[in-house]
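Take a look at these structures.
After this come two complexes, each holding chain A, first together with chain B and then together with chain C.
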Partner chain A sequence: MTTRERVATSDTGLIARMILRRVAIGIGMLAVVSLLVFFATQALPGDIARQLLGQTATPEQLARIRSELGLDRPAIVQYLDWVSGLVTGNLGDSLASGTPVSELLAVRVSNTAALVAISAAITLPLGVLLGTLAARRSGSWQDVSISSLMQGILALPEFVVGIVLVAVFAGLFGLVPPTSPLDPREAALAQGDLLVLPVATMVLIATPHLTESVKTLVRDQLAGDHVRWARLSGIRESRILGRYALRNVAGPSAQVGGVTINYLLGGTVAVEAVYSFPGIGSALVAAVAGRDIVVVQAIAMGVATVLVVTFLLADLIGILTDPRLRSTR
Partner chain B sequence: MTSLDVPDITTPIHDRHTGSLLRAMLVDPRAWAGAVAVVAVVVVTLLGPLIAPTPPGEFVARAYAAPAPGLPLGADNLGRDVLSRVLVGGGAFLVEGLIAAALGIGVGVVLGMLIGISGRRTAGFLLFLSDSVMVIPQILLVLIILAAFGANPVTLTVSVALAQIAYTARVVNAATQGVVTEDYFRAARASGAGRAGLLFREVLPNIIGVVLVEFGVRLSVCFVALASLSYLGFSSGAVSWGAMIHENQGGITLQPLAVFAPVIMIAVFLLGMNLVRDALARAVAGRSAR
Partner chain C sequence: MFGTTHSPRPRGLRRSIPIAAAGLGFVLLLAGCTTSSSTDDDTSSVLTVGIASLSDADSLDPAEATTTGGYVISRQVFDTLTEFGPDGNWTPQLATAVEPGDTADVWTVTLADDATWSDGDPVTADDVVATVKRWFAEELPPSGSLPFIDPDQVEAVDEHTVKFTLLYPTVTFPEAFTSPTTAIVPADFDPAKPIGSGPFVLSDNDPGVQLTFTANKDYFRGAPGVDELDVVSFADATSAASALTAGQIDVDASVDPTIVDVIDGTTGYSVFDYGTSGTLTWVMNTQQAPFDDPVVRQALRLAVDRQQLIDQVYNGYGTLGNDVFNPYDPMYDADLPQREYDPEAAKAMLEAAGYTLPLAVKLVGTDNQPTSERQNEVLVQQAAAAGFDIQYEFVDSATFYGDAYGTYPLSLSFWGFLGIFDQAAFTITATAPYNSSHWTDPEYDALFDQAIQTVDDTERKDLVAQMQTIEYDSGPYIVPMFLDALVGLSDDVSGATAYPNSDGAFGYNFRILSLG
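Moving on to the complex of A and B:
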């Protein structure tokens, strides 16, 4: 066995241990989130039984529905029951309509997934590109104008960006429909014209943070000694950017990319409201307005799970691209 | 060894007066532009209820009536005066945002400093908890709380404040890390200073710049959150800018002013706040560079 092979095998073991550790942390985070979600919504005085029956319910009616729903059991038993339901895919029944939550949300999940996936597929490369360009010309008018535009968008609520786009592209020019009431019988991707404005809004609100972060990362790399050395050795600028700067920022950029997905998922709430888009975000708003706690819990856990997996993947990219990040600590 | 080994402890630069920060901002034109924008919106909001021409709920014209004499911004979806509603619709928003940011930063700063001076295990566990909270998008965190308790001025303010704590704690913990390794902090701890004394006499004065910038960030975030919530239908007052935008969105081509008057108020306020905050961040960075 050559030295190189020995290093490689010990590295593989290390990487496997690191991945297992990250998975364990991710599961731990979901456990914390589930405790938070459950005890914020269900174990506190805002009583589901009263929610269902209204203020005029008699104590006997309240007691009956509490025992029917199992709300008279200790909170910890209810929590364990709820979690085991989540793990086995039983999300419970909506308080408002009585339909199973999984049935209620199925189409909406696929709509929002399409919206977020397309937006991410545009935002991630766009943000990295703009950030790298701004970093290469740090301090130039291109950098300053990209940066001020990004800061301006970042300062505004998502729905304001959406409203401006509606007014300009749907109102003024009449290019696209002002709302996106997707047909539930068709796939979201088959209704492209209804996706244009929501996707454009999502890209606009998520790109600034990514661009600014990538800019800072690349700029710091380009100012580093290893790049100065490479320049002095006469290595081509394109090669410097690719091999010396961008490679080193792959790990941290993946982390920032994870944050971008977080932005996009949070953004769906306002964006779907602007366009009456039938997705998870608008379902959440309706459930909160109707105090349909079971639906809110399911959506919160679903979004948290997607984000924990996303951050796990981002960590993985970091570990695989940057040997310096490989440690068990 | 002839004398006791007394380490040379340099006196900490306790920068209690923020005068130098203010001076740096006074010569910054962008800070002025931002301050003018913010003050303009605040003044309009404070005086608004006094100068509104009609009660905000009164029907004065047909739905989506265009601007006319006596109706400078036209009417909304139900025929109410847009100008009066804009003048009245910002009060609760501004008060709730300010209180939410102050609450969030207060708790977050104390928690962040506590994490910063805790041992590795405790700090690690608390950071893991804050990371877990930060996995959930902020708007979702706020909506979960509103689902349980309903939307009223108190739940709106408290839920938005709670959503800030983990973020502030993280920033303040990082700043505190820079203080706990300094000799003056070690000396104070070794001399038996209590935890409160350490935090408020040694740590806080030395991270006050970071705290001020973080307060600016949290203010913006709280106002953005509250504006979004009111657009989504969760606001406390009878009239609010976010709700106005939502109500009149259907008539955006008929009567754009009914949408854009409140949009402009929100945008001017937030962009102005952003300019002031960035100027503050530059002033703090400039001072620590000296």
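Moving on to the complex of A and C:
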């Protein structure tokens, strides 16, 4: 076994231990999140029985619905029941419709997954490209134009971006439909025209953050001693960027990419509302308003799990691309 | 790290360029696909209705319907014995006749003999009896709204005749069966697989997103005007209106009054407008100061500039209210003088009664209708001129109907679409289950008890006039105006008809609409 092979083997063991450690932390985080989510939803004023019956509630009808739904049991019993369901993959039944949550949200999850995946597939390379271009020469026309454009978009809330896009592309030019009520009987990707504006909004709101972060990372690298030495050695600028700057930012960029996906997921709440897009963002808003706490809990746990896994993957990419991160701590 | 010589191009950048290009290309590709996704084949007509909003609480069991979507399902899939027709009066639906005995405590319902369930079986008297008994056995909501029914005294006389012997005489018996919650279901009803007798069959249900109905070609009152009905959920009125004028939907079930002109100004689209008995009414809690004092109640009624409210909030689409319910009920007392805005008189009344002005009052509201918040804000402004200092608190719907419901000094409720007697039985009499004003008046209750047993129309109208006079003089509700139904339509849609006494666009009777 050569020295290089021995180092690789010990590296593999180290990486495996680091991954296991992070998975364990992730599971611990999800357990804490489950407590927070459950007791936060319990603390919401009013309940589904009140919300269903509204002004036609009578004490008898309220009691009937609460007893049917098991809401009259102690909170701790309800929590343990819910968590034991989660562990076995059972998200529970919607309080409002009695439908299993997994069935209720299936179409919405695939719609939102399509929205976030397409948006990420555009945003991640676009942000890296723009950030790198802006970082190459501080104060150049690329830097100034990209940075001012990104700052301008950053200043706008999601719904304003959405309304402007609707007004211009749907209203003024009539190119695309202004709302996106996806037909649940068809796959989201088969309804491409309805995805254009939501995806464009998501890309517009997420790209500036990523661009700014990548710009800072690359610029820090380009200002580093190793790049100065490379320049002094007469190495071409394009090679310096690829070999000495970008390679070193791969790990931190993966982290920033994770943050971007997190940001895109959060953006679905506003974007889905603006376009009447049937996804989990709009389902969450409706479930909170309707006090369907089983649905709220399922979505919150689902999103938390996706985030934990995303950051785990980002960590992993960081570890694999940067040996300096391979410590047991 | 220094000194390696291969890899002449910056690797990261080189990799990201094609990916970014592919991504942008994909966007352009998507932008190019602007053909409508809902292209239909030539032979079937699909009517798409946008509604704000469907919810996963939309019940497939009509007896448990409490939401817009639940009512939509009930109206398409099932039939009620009677309905409020286009003239606002009740007419038979699944029943062909609903007739009282001499004293209105025995009623005989004759069913249409050609009505069938969607599985082909005939609708029989046994189904009606089973439906009614189920409400009471399972304590479903209709059991609370039909207190005069004795479930043990509902019997099938023959295959198409049902006899109801009531606990006490009730002349409004036929109206009580107009609500979509009282739809008739088969004796072996399974809410999970709803089989109805209605104009459509629910063929696909994605809760909170879309309801798809297929026409029941054998519907006993004639097949609906279209082959398929898609009811699509929109987050709010504005996005539904955008979808209408972009051709994504054919009907926008509820247009905000402020965007009527935009739709009317768009070629190919218009708004169908009709008056209704629906109202957003301010409820004054008579168990608390200051509204325990009838003087304060009358003063606040004078402090509302009703016409200005209609103009400001409803863009002129509405009719004046006079603090009593339902102008579409034949018993409505139209002779009561229209209450006028008179802040000076209100102020004088309050001062004469010893109040120090401004009189502080708390108003609690929610978004029970899209215009609720605007209506509350206008009240705050208008009442200030009459010496009221109204502190308005907006809460979300679940909070509003939470434990504090019924304790608010002043609040805004959505009512109407009920005959005068049902409105009184639900919200005004001492035993009314939904009377959040807690107002009681023995004289009013005595008149109600007498009127509901009076078969003679003229005598009953006189009694109702006395009831409405009491409401007008000292009642707990401010009924400032009646809402218009505003339905956005593509010019391709025909058959629109007013249903003034039913909630929702055309009372959600989408069977009347055709395309082309």
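One rule holds for everything that comes next: the second predicted complex is superposed on the first by the 294 of 329 C-alpha atoms of A that agree within 3 Å, B and C clash if a C-alpha of one lies under 4 Å from a C-alpha of the other, contacts with A are read in each partner's own complex, and residues count from 1 in each chain.
In the analysis below, contacts are C-beta pairs under 8 Å (C-beta built on N, C-alpha and C of every residue); 3 or more make two chains touch, one makes a residue touch a chain.
Quick caveat: nothing in here was measured; it's all calculated off a predicted structure.
Enquirer: Record, for the superposition on chain A, whether partners chain B and chain C clash or fit.
Expert: clash
Enquirer: Once the structures are superposed on A, label A:151 by its partner contacts, choosing first (chain B), second (chain C), both or neither.
Expert: After superposition on chain A, A:151 lies in contact with chain B alone.
Enquirer: Pick one for A:291: touches chain B only (first), chain C only (second), both, or neither.
Expert: So A:291 meets both chain B and chain C here.
Enquirer: By the touch definition at the top of the document, which applies to A:96: first (chain B), second (chain C), both, or neither?
Expert: So A:96 only meets chain C here.
Enquirer: What is the contact status of A:166 with respect to chain B (first) and chain C (second): first, second, both, or neither?
Expert: Touch status of A:166: both partners.
Enquirer: By residue count, which of the two partners contacts chain A more extensively, chain B or chain C?
Expert: Larger number of chain A residues touched: C.
Enquirer: After lining up the shared chain so the two structures overlap, which partner does A:304 touch, if you call chain B first and chain C second: first, second, both or neither?
Expert: Touch partner of A:304: chain B, not chain C.
Enquirer: After superposition on the shared chain, which partner residues are touched by A:12: those of chain B (first), chain C (second), both, or neither?
Expert: neither
Enquirer: In the overlay, answer first, second, both or neither for which of chain B and chain C A:84 touches.
Expert: Neither partner.
Enquirer: Touching A:126, do we find chain B (first), chain C (second), both, or neither?
Expert: After superposing on A, A:126 lies in contact with chain C but is clear of chain B.
Enquirer: Report for A:178: first if it touches chain B alone, second if chain C alone, otherwise both or neither.
Expert: Both partners, chain B and chain C.
Enquirer: Give me the intersection of chain A's contacts with chain B and its contacts with chain C, in residue numbers.
Expert: 44, 46, 166, 178, 273-274, 287, 289, 291-292
Enquirer: Quick check on the complex: what are the chain C residues that touch chain A?
Expert: Interface residues on chain C, with respect to chain A: 1-2, 4, 7-14, 16-17, 19-20, 23-24, 26-27, 29-31, 33-38, 50, 53, 55-59, 66-67, 139, 141, 144, 204, 206-210, 212, 230, 232-236, 239-240, 242-243, 246, 248-249, 368, 395-403, 405, 413-415, 426, 433-434, 436.
Enquirer: Would you tell me which residues of chain A are touching chain B in their complex?
Expert: Its residues touching chain B are 25, 28-29, 32-33, 36-37, 40-42, 44, 46, 151-152, 154-160, 163-164, 166-167, 171, 178, 262-263, 265-266, 269-270, 273-274, 284-285, 287-289, 291-293, 296, 299-300, 303-304, 307-308, 311.
Enquirer: Can you tell me which positions in chain B touch chain A when the two form their complex?
Expert: Spelled out, the residues of chain B in touch with chain A are 128-129, 131-133, 135-140, 143-150, 220, 224, 227-228, 231-234, 242, 245-246, 249, 252-253, 256, 259-260, 263, 266-267, 270-271, 273-274, 278.
Enquirer: Provide the residue numbers of chain A that touch chain C in the complex, in ascending order.
Expert: Per the stated touch rule, the residues are 44-48, 50-58, 60-61, 64, 94, 96-97, 99, 104, 107-108, 118, 121-122, 124-126, 128-129, 132, 166, 169-170, 174-179, 181-186, 190-196, 199-200, 203, 226, 229-230, 233, 238-239, 241-244, 246-247, 249-250, 272-276, 278, 282-283, 286-287, 289-292, 295.
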